[in-house]
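What follows is a group of structures, each given as structure tokens.
Shared between the two complexes below is subunit A, which has subunit B as its partner in the first and subunit C in the second.
Presenting the complex of A and B:
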């Protein structure tokens, strides 16, 4: 343990003594790796802060390593948001090894190489931290987008007084069903509609799971006192439903949205007449 | 223990649940309601749950129990004013309340009973 500490201390000294030249080399390497996506000024600001923290951590300062991790996490998060690739992000950390190695080579002291191995390991650890934060931030971005997509693609529209329409587009999974269900039920309360038409023309495939989700939505609407009509069942979908043995029970299904609307209008006592002479 | 009041409007009994239902008050509500149906000869029961925000399977089953009990005594049950969150919970619990009629609000519930019971219905006489 003490040997390692001594080695780390030696690197700490080296980092302190050759601050300018190592930092310059580091910045130059990172700038080259990022191919001009960030200006040298911005990078120098970030890296100088990191360098200071690494220097303190290598000198055995316990609080510095915590701060270092936090600072690295911040940087990788912002890189992930700005759309940098993983290697572009990781390069900011790993090039420090090269910068330090070149400095050691210039100095030509063989004892420092042993210390360099320990230092290299701690830089690798920092690299892993960078990577983990980067991946987490990217996943967060994806999750946010999925959520936005979910809200975008599930409108509930009023077709007529007392009749709502829910045009479903895209694959139905449980998360989307939940959103559709909530939106529909809220709208039922707001408008006091007694009929809702769920149009599945835009749903590419209906399997048992999708059917289950549809049934749940219909059941929930029914509990609130609204009858649901499922429309837009294409021939292939009808075949799949029958082949899979899915039972829609006593739920009314129609081939097209128009049929469903006509059914709902008829049952809510609205008659649609063609004008004479039209 | 709080009791749920049962109001009589014409041939219809109105149960408006305004309190947090405990299992015990659910049981006494069932008893009170059965008594009242027999005493008044009501033809319909409306359970208004607009104020109910949380349900469990026990309360969910209560609706079904009350409905079948009332049907035995020739009264139709309508559950009105269910909130979206409650409806989703009941569906997730697998309680679809078959045999219980539902309506969005009290007015629609009354109309539903009026249509189902020819000799009730305020507008018919």
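Presenting the complex of A and C:
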């Protein structure tokens, strides 16, 4: 807008002249919006920095806007990591409008209302910046969690002396199988186990990719002198595997983890009395 | 009973293959398929989605609810890509034949896992595989 620089200068003045009261009001509004999940002290630090930058930007300082975007991005990222919702994050920006508006109302200068419209738009733009950074940061958080879950959900446990258990849960993709295979082979080296039971009760579907990964894992373990037993093949999976035409060759398969363990114990020479304690 | 509208999804990554499985699981459940039939359809979809991604260089899937002349419900899934096409369809459908490092069981296996299987392909243009499974 020409002529009066959109009136933004007027808002710049207002922000400067009433810094104390507008900032106080802003902090109070944000604190209320976040329902005490951040302390007033923490918020005041953040908002004071933002306020200074917004004041400079509204006053026509070109370099301030770059800094402002960077500072906003930082805040949004940390909000996303702390688990705040998008609206809780955006509130930190949008409430400034209310704080400024209330100040204008108090002053009662009608010319400032026009300036407020332009200012309001630029705050909206800042809100969008917040939102975009927030979304990107959230996605990163989710990706990180998925990776952690990947490692957590592929534990290799010692079931018995010389017998390892690998309970697989969820989707088995290449990345996941790689993690499983590495964890298993490492444990094999560490424990010198003769048997490993791979339990697929928690795997929703076995297609050719999953089968191929399983076969590779079994072969690699075999090269290290360990026999793998696959357990937990549910009826619907068994039928599907057969229809697909997948053959597990000479790999021992058992219906349940308990059966597989019994098999491994039996073959490793541990006597198990089924009637023990009866 | 209201039938949900058809759903489409792009296939451009390994994660999308997982998404296709989830989409098909929901559709098969909605169509009232048995657990065995659901698993078969999901597995067939998994194979075809991966072929679309690996050999077709990515593409799209469309999952729709269908009803046949006798009022039986079913799920139809179409996978399409604009990849290199399949020069020899018989060979591609031969069990154990693979041009990559697979088991060569996906295409032939998927055909057996469903009730209807249709493959349209043109070298240099792309491939569309449409499968249907009816609720028993």
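Convention: the second predicted complex is superposed on the first by the 166 of 278 C-alpha atoms of A that agree within 3 Å, B and C clash if a C-alpha of one lies under 4 Å from a C-alpha of the other, contacts with A are read in each partner's own complex, and residues count from 1 in each chain.
Here, contacts are C-beta pairs under 8 Å (C-beta built on N, C-alpha and C of every residue); 3 or more make two chains touch, one makes a residue touch a chain.
Computed from a prediction, not measured in an experiment: that's the story for all the values here.
Contacts of A:132 after superposition: neither subunit B nor subunit C is touched. By the document's definition of touching, of the two partners only subunit C reaches A:239; subunit B does not.
In the superposed model, A:109 lies in contact with neither subunit B nor subunit C. In the superposed pair of complexes, A:171 makes contact with subunit C only, with no contact to subunit B. Applying the stated contact rule after C-alpha superposition, one finds that A:208 touches subunit C and leaves subunit B untouched.
The residues of subunit A lying in touch with subunit C in their complex are 171, 173-175, 204-209, 211-212, 235-237, 239-240, 243-246. Here subunit C touches subunit A in the complex through residues 14, 17-18, 21, 25, 35-36, 38-40, 42-43, 46-47, 50, 95, 102-103, 105-106, 108-110, 112-113, going by the rule given at the top. Against subunit A, the residues of subunit B that register as touching in their complex are 79-80, 82-84, 86-88, 90-92, 96-97, 101-105, 108-109. Across the complex, subunit A meets subunit B through its residues 178, 181-182, 185-186, 188-189, 192-194, 216, 219-226.
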